[in-house]
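The following pair of complexes shares a single chain, subunit A, combined with subunit B in the former and subunit C in the latter.
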Partner chain A sequence: MTLVKPMPAGQVGRSVPRLEARQKVTGRTDYTHNLTIPGMLHVKVFRSTTAHGRIVSIDTTAAGALPGVHSVITGEDIRKVVPEPYYGPAFHDQPVLALDKVRHVGEPVAVVLAEDPYVAAEAVQLIVAEYEDLEPVFDEVEAMTSKAIVHDALKPAGTFADLKHVAAHRNTNIALDYHLRRGDTSAAFAAADHVYEHEFRSQQVMHTPLEPMVSLAEPGDGIMTIHTASQSPSFVRTEIARLFGWPENRVRVKVPHLGGGFGAKLYIKLEALVACLALMVRRPVKLSLTMEEQFYTITKHATTFRIKSAVTSNGVVTARHCEVFWNGGAYADIGPRVTQKSGFTAPGPYDIENVSIDSYALYTNRPPAGALRGFGIPQLVWAYESHTDLIARDLGIDPLELRRRNILKDGRPHATGTLMQDAAIELVLECIAERMQWSAPFDRGTGTVLRGRGIAIGFKASISPTTSVAIVNIAADGSTNLYMSTVDMGQGSDTAMAQIVAETLGIETETIRVVRPDTDVTPYDMATLGSRSTFHMGNAVKMAATHAKEQLAEMAASLGLTPGTNYQTSDLFKKKFGMQAGNVIGVGTFIPSYKSPDLATGLSENVTPFWMIGGTGVEVEVDTETGHVRILRMVNAADLGRPLNPKIVETQLSGAAVMQLGFTLTEKMEMDGGQVTNASLADYKIPGLHDVPLVMENHIVQANQHSGPYGAKGVGESATFGVSPAIANAIHDAVGVRLTELPLTPEAVFRALHAASKD
Partner chain B sequence: MRDFELVRPSSLAEAIALLDTEDGGVRAFSGGTGLMLMMKTGVFTPTSLVRLDGIEPEHAAIGIDDDGSLRIGALATLSTVEHSPIVQKVAPLIPEAMKRLANVRVRNAARIGGNLAHGDPHMDLPPVLAALHASVRAVGPDGERTIAVEDLFAGYYETVLGRGELLTQVIVPSQAGWASVYHKCTTRSADDWPALGVAVSLRVVDGVIADSRLMVSAATEKLTRLVTAEAQLKGAETKAETFARAADAAVAEAETIDDARGSAEYKSSLLHVYVRRALRDALSRGALQ
Partner chain C sequence: MDSSTLIRFTLNGQPASARIKSYFTVVDLLQSLHLYGARESCGQGLCGCCTVLLDGVAVSGCLTLAQLVGGRSLTTVESLDQSGILSPVQQAFIDEGAFQCGFCTPGFVLMVHQLLERNADPTDDEIRDHLAGNLCRCAAYPEIIRATKSAAARMRAAATA
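Up next is the complex of A and B:
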């Protein structure tokens, strides 16, 4: 009898329907939000109403006296149990609950625990805190020199090899500065035919996962189990163990499916708080954030990017200087890494002889900023591709042609000195140009409705060096489980990874069961972030499957079976163990090679294991009387190596592009004195169905990532890169005005049109 | 949120009696789509909610009078109104406006009386109904009265309804001879609340505007009838210059407000554009027979 249908080929590259799709659409999927445990207490958070202040007093008497309240806990209470209750991936700067100071509106200051969440919420209203207000700083450029200092001393974590040099600086808001120097920019600027200098700004936005953050900690006998909607279970385990001073094997982190993540649920968020509370009250403790609270938890960096280029009369860029300021908010989260990892791609996918980059991660008194689908890249592409277009327009060179003249080709060195490899930048650009019929005549509209088009391309280096471990377990009947800590938050990783196992073992993808992340069961993975899983975990999974396959071959050889003869996997086990018994366990561990950039020059010959390339072309219609912009057509193209699952890839591309469309046109966290005045889905507008471009195409260019599993690499972020500048470029093309600040609202277009008509 | 009482009276009289109280925490609850948002944000903390869906079914009925006017029971859901053939016949502008009013889920729950009584200036139906010259019937402890929709609103989230007073019916007169248009302008996502709503009704006789009704909402603190703009139109020829003069007057008289959807200045500019476009479109649409 054969339980597993043999499938000789074609598992990879097949649009396998998502393994969990049926479970999800029939409401059977587990989510942390639905989890209850006997004896569980609900947590509600009392949050700071001031952006920057010293805590004078916190009065919890009335809250504690409310019937039904179990306890009220402040930062000082936490400190009694965990002496150094600060966490964070790059810096240990974030207190579990505010200590001594509050650094942003919405910062957790105290919590109420109760069996009834509504009682806890009511008690929160009875807490009174007094603060001595300190001068706040909100703007990233002002933070460079402001008297207001968010953190008295910097506390680098040392977790990441490439952040080790961050010393314990004092009296600065600069959490990290990254510098790159290549060639001689001063000489090139002095000799230039033309010098162009522009400043672009992007706004603070939020991830808005439709499943808000949620964590539940369950204390046991010398162990702590954390059920959490996290993108990084292994990191949570390490960090909780560090906070508690425990060995890692006493912390167990379990992650079911996620209702979206986009970088919001990375590293450590609510887990430290619920774990500390569970340790204190000896009962399971659950915290479910509301959508509103998420705006005060993690966001995307607002940025200011000053870019300056030296250009010859025929449009060759000879030098570029980039100065980027990242508004990291009150806590570093992963901001310093964004500053460096994204910082070095700031000059764009162009072959520029002389480059200098200064990139700064800044503390301010806004809600913290971290990673959001693109890890800083969309903010950079927004600037450099708007800048590229402005240069082309001024020189009277077609924007496509200007890009062709400067594009970075395979084999040529990137600004860091790393030679480009498997980076289909040119193909992405040409794919968009062809699909847009760029050289054909274009209808520019009439009257009050004018039309224009724009293109933009961007690229991203993968983060490195990071580790993924996978286990493939073949049971005696031949059925197979895959154990890994990659979190499927909606991107389809379970399906793609199962396809890799299936292709390697020659079985059908649908028969494989993927075991959900559980640090007691599934092995280490750095995190599900930065489009790293397909490449890193994909390689580990392929190694694990190969390892298992080798063991099956050895088993066959030991049993005297000739390779290629017609035996089933189950026959091997039966023959070997005398009955249906035993396992074959394949293990794979993957870490790519890497060379950390030189501290002084920022240069490295091996700065990334792979490059992600994405670009967008749009045709827009602008209403010159109202400033309204309508996207008539959007063409996205990306190099993601070989697609493991074309259908999933296409939804990743369209999803990323639509998400970035929101960050381009409608989304902005409106701030007043550090308070977010539109912190709800009623007032913070993400795109709906009617906002999706009338025509949208997503293209996968013919490429191969030679070091990737079956030629594949990451895809989750690539279609975010080009969207914002492509639209700004198209607006310029349509009505002759340039917007340099996101979002591109109708009012901003309208004002620019009016300003232009007065000139 | 504290515990609160949810009562479900079986008659209008009983509901009125329950709502005739000094306790500001007692509110009528019909579809709940507006009230729940206020409860969620803590703007309103109820002590008791009087649920209206158990009262006499006639208050949800839709009918037509002998004189051709439409009567919509206040408890009719927006989607019932949207799909009613009678409404489609008498006032096709109402179902047309519904297509972009909130979303299907909200329209299935929200009721027309609650939609009006909520007093939210960002709603689409107040300008539409006011342009159609609609009125509402209100019943309270002191009896019954009729209020023109354009007079229903006293300010930002405020109506002229008294304590214990409930809307029972929306009456839309026959639209024969009138041409109407509603233009909604959103400045963020398409499903956002409007930054501006403009509704116009025109009665044109032999190429001359005999009568008109112009309403603006969302950009102003409350639904506002643009009377000086209407005066510009009266007796004038239906041409672009006339419409531009009316738009100038509209901008002069409407007090637009700043919010996250746009500055007051921008909304005034939008108003100018939208009044002109609405008048133009009403004219080209032609009158109902």
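Up next is the complex of A and C:
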């Protein structure tokens, strides 16, 4: 038998280039975008032009008569095949095609199918719908009390235990309310030296993945295969099976690489529509959205956050009340989970004795909102870190110092009562302060170009409890496959997970092949979201690899070989099976422990399996004549445990920060009567090369997530947290005006300067 | 709408022909030939994902009518590794980790090639200006600049070797 030298440890922590790198630079990546199937029909969607209305009639005659059109289908046609055609992860509130009512501009009302997508698009123009307009509601605070009711009755999906209490609520736009009560806030406010109260607003934005959403359903004999650019193949399978009343094993969901996701491609989006259509027409059906259509499909919650703090004269925050209103748009998507899972972090990473939180998920007549890189956290940090800065300024305490006095230390209880563990909040703050040379003299500029700097830190809990399952398959020649349903949408999960397998088995990462998600083949995973994969799937993958390794050891022992010796795997198989045959299959299933927050108090001693920490410091230059803000320097820092792949992690940090820079300075969906007036990259400005700060640093603080795989945890969102408030704080520092609404456009800065000069 | 025309052109250095409909874009044409490196994203020529070279000039494949390709030379990202070896730009993109999801990457790679043909040693500002029309939502911009400079150095070294 040949003895092999195991790979030296160090597969983890090595900057392995992405395993699919070659495909990506040669233009040969297997996106769903590229997929065609013989006999396939293209779908084009006829969309609502009104924000809220009853459907009076839909005339499809002319569209159906256009040569080349295969069929025209409405919601009523769908209802004949699927009696309850409503879907969604938290609420079953979204019809496959509009039924009875339309609830936002751009809502799918009818579809045309044709072999030629141009014919389908032309036919869509021939459809005429009549609506009886209803009063719409667009603002999240107005939705609390408005006469306009978006959904007559709430329809929680029953998937989540903590949503059961809203079942069958009527005449309300509040899809979910979350409340937390800790200590006695009233007494603390009454006894306070100072009370500060502010309101901050954030705008509705869109993910704009450059591969627009796309799904293709392929009907088979009693099965339905869905090829889709989805971040959650397992959920798509469950949801399609539920809609059809089929067992899950008759639905197959296949996901190749994604051209970006950022939360846009989560849960179920176009899959329900293409699956229903394929069932009806018995041909493969593909729907590829345009960039414009994406703006009407999923967005990020606009928010209003009222925050009030009781503070001692030396800057200790003794009480905080947070009231957060989340504009969920017309369909809940995952908004109710954002409201709760992010809601409980609204007081910030500070040690505050008395806390109360009221967080509301609201239906409005805007395009639906869901998760976008941070699951609500960037909206919260925007408010609490702007607020923190205002308190510091008023008390004449350095903003860094004020944060130090209040910071939540390891071992101390978070507002929910969960003890902080492996949360390097202080390290992140101090890393930024050091890199910014916070205590050194700072050039404040002269004349009309003034300079300022700001910092902000934020934190996030992981959505919980969620399950990941992984399979490691060692073939008789010793080569290894990893089967998992984590979707690589650019974050590098295939590579990172392969590194975990490689480290555990003592082989080289580059020799491992990762099998793309395919629910017929790869096991269950809750979804690729919320920076959960590294921790959850990472643990499952490590367990699967360990399980496989144990079986190899057992095989060696059964052959009478000395334990602990590294026999070549292929020799073991040959000796065991008499030839190159057999497999070793390692399986790992991971679900962390969790305790759901108490419905009345919002408290829980185990609310998350890990914490993510991120912060940003910026130096800006403000032109007081134009309001233009230039980012001279940006320092991002995060606690992500031990980095599995430092280079990919750094790209994740800088990518997240630049994305949030867009949400901070330029991006905003402009609305007029529910219509998005800038639904194109011509008018909706995402960051380009010229928008990247001239100097940008990304730091990984020395940390270890003890419960994570090889000390690692998630990283995809952390660098988004601090960007917006850091910039607003820096603008205030430079020119003395405070902006409380995103985005921080030159016009907003200029108006604030103008208003200040009149005071 | 169903009438089609035959066009002849040069595709990645080889003679090619295709039957196209009058309204086909270059992206449609390439898809019909199973080349997927140029891909439509914004549909308005603003993101650069559909970049191809027409007679050596970078154009948006989503806005260029396929009919205009007749008799001309069309070059796509797939031309760069026809020998099975990655171009220096492609290799530099891998080494510097200059992409995440990869959807915009072919457009960037082609634009960097075009830049380096005109300017063997571009400054950061020249790189930013040349690539300003290409968007990367994953924002691998710092890495793209590094990859461009690294590729330029490799190409200069190869030229003097």
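Everything that follows uses one rule, which is that the second predicted complex is superposed on the first by the 749 of 759 C-alpha atoms of A that agree within 3 Å, B and C clash if a C-alpha of one lies under 4 Å from a C-alpha of the other, contacts with A are read in each partner's own complex, and residues count from 1 in each chain.
Quick note on the criterion: contacts are C-beta pairs under 8 Å (C-beta built on N, C-alpha and C of every residue); 3 or more make two chains touch, one makes a residue touch a chain.
What you see is a predicted model; the values in this text were computed from it and never measured.
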item: Partner chain in contact with A:A682 - subunit B first, subunit C second, else both or neither; value: both
item: Which of subunit B and subunit C A:H690 touches, first, second, both or neither; value: both
item: Partner with the higher number of touched subunit A residues, subunit C or subunit B; value: C
item: First, second, both or neither for A:E197, with subunit B first and subunit C second; value: neither
item: Partner chain in contact with A:G492 - subunit B first, subunit C second, else both or neither; value: second
item: Contacts of A:D598 with subunit B and subunit C, given as first, second, both or neither; value: neither
item: Which of subunit B and subunit C A:D410 touches, first, second, both or neither; value: neither
item: Partner chain(s) touched by A:T626 [first = subunit B, second = subunit C, both, neither]; value: first
item: Partner chain in contact with A:Y118 - subunit B first, subunit C second, else both or neither; value: both
item: Overlap of subunit C and subunit B interfaces on subunit A (superposed complexes); value: 118, 122, 680, 682, 686-688, 690
item: Subunit C residues within the subunit A interface of the complex; value: 1-2, 21, 23, 31, 35-39, 41-44, 46-47, 49, 76-78, 80-81, 86, 90-91, 93-95, 97, 99-106, 109, 127-128, 131-132, 134-145
item: Complex contact set, residues of subunit A against subunit C; value: 15, 17-18, 20-29, 31, 33-34, 36, 67-68, 116, 118-119, 122, 207-212, 257-262, 290-292, 489-492, 647-648, 651-652, 654-655, 657-659, 680-682, 686-690, 692, 696
item: In the complex with subunit B, residue positions of subunit A that touch it; value: 118, 121-122, 625-626, 662, 665-666, 670, 677-678, 680, 682-683, 685-688, 690-691, 745-747, 750-751
item: Contacting residues of subunit B [partner subunit A, same complex]; value: 1-3, 37, 41, 185, 187-193, 260, 262-263, 266, 269-270, 273
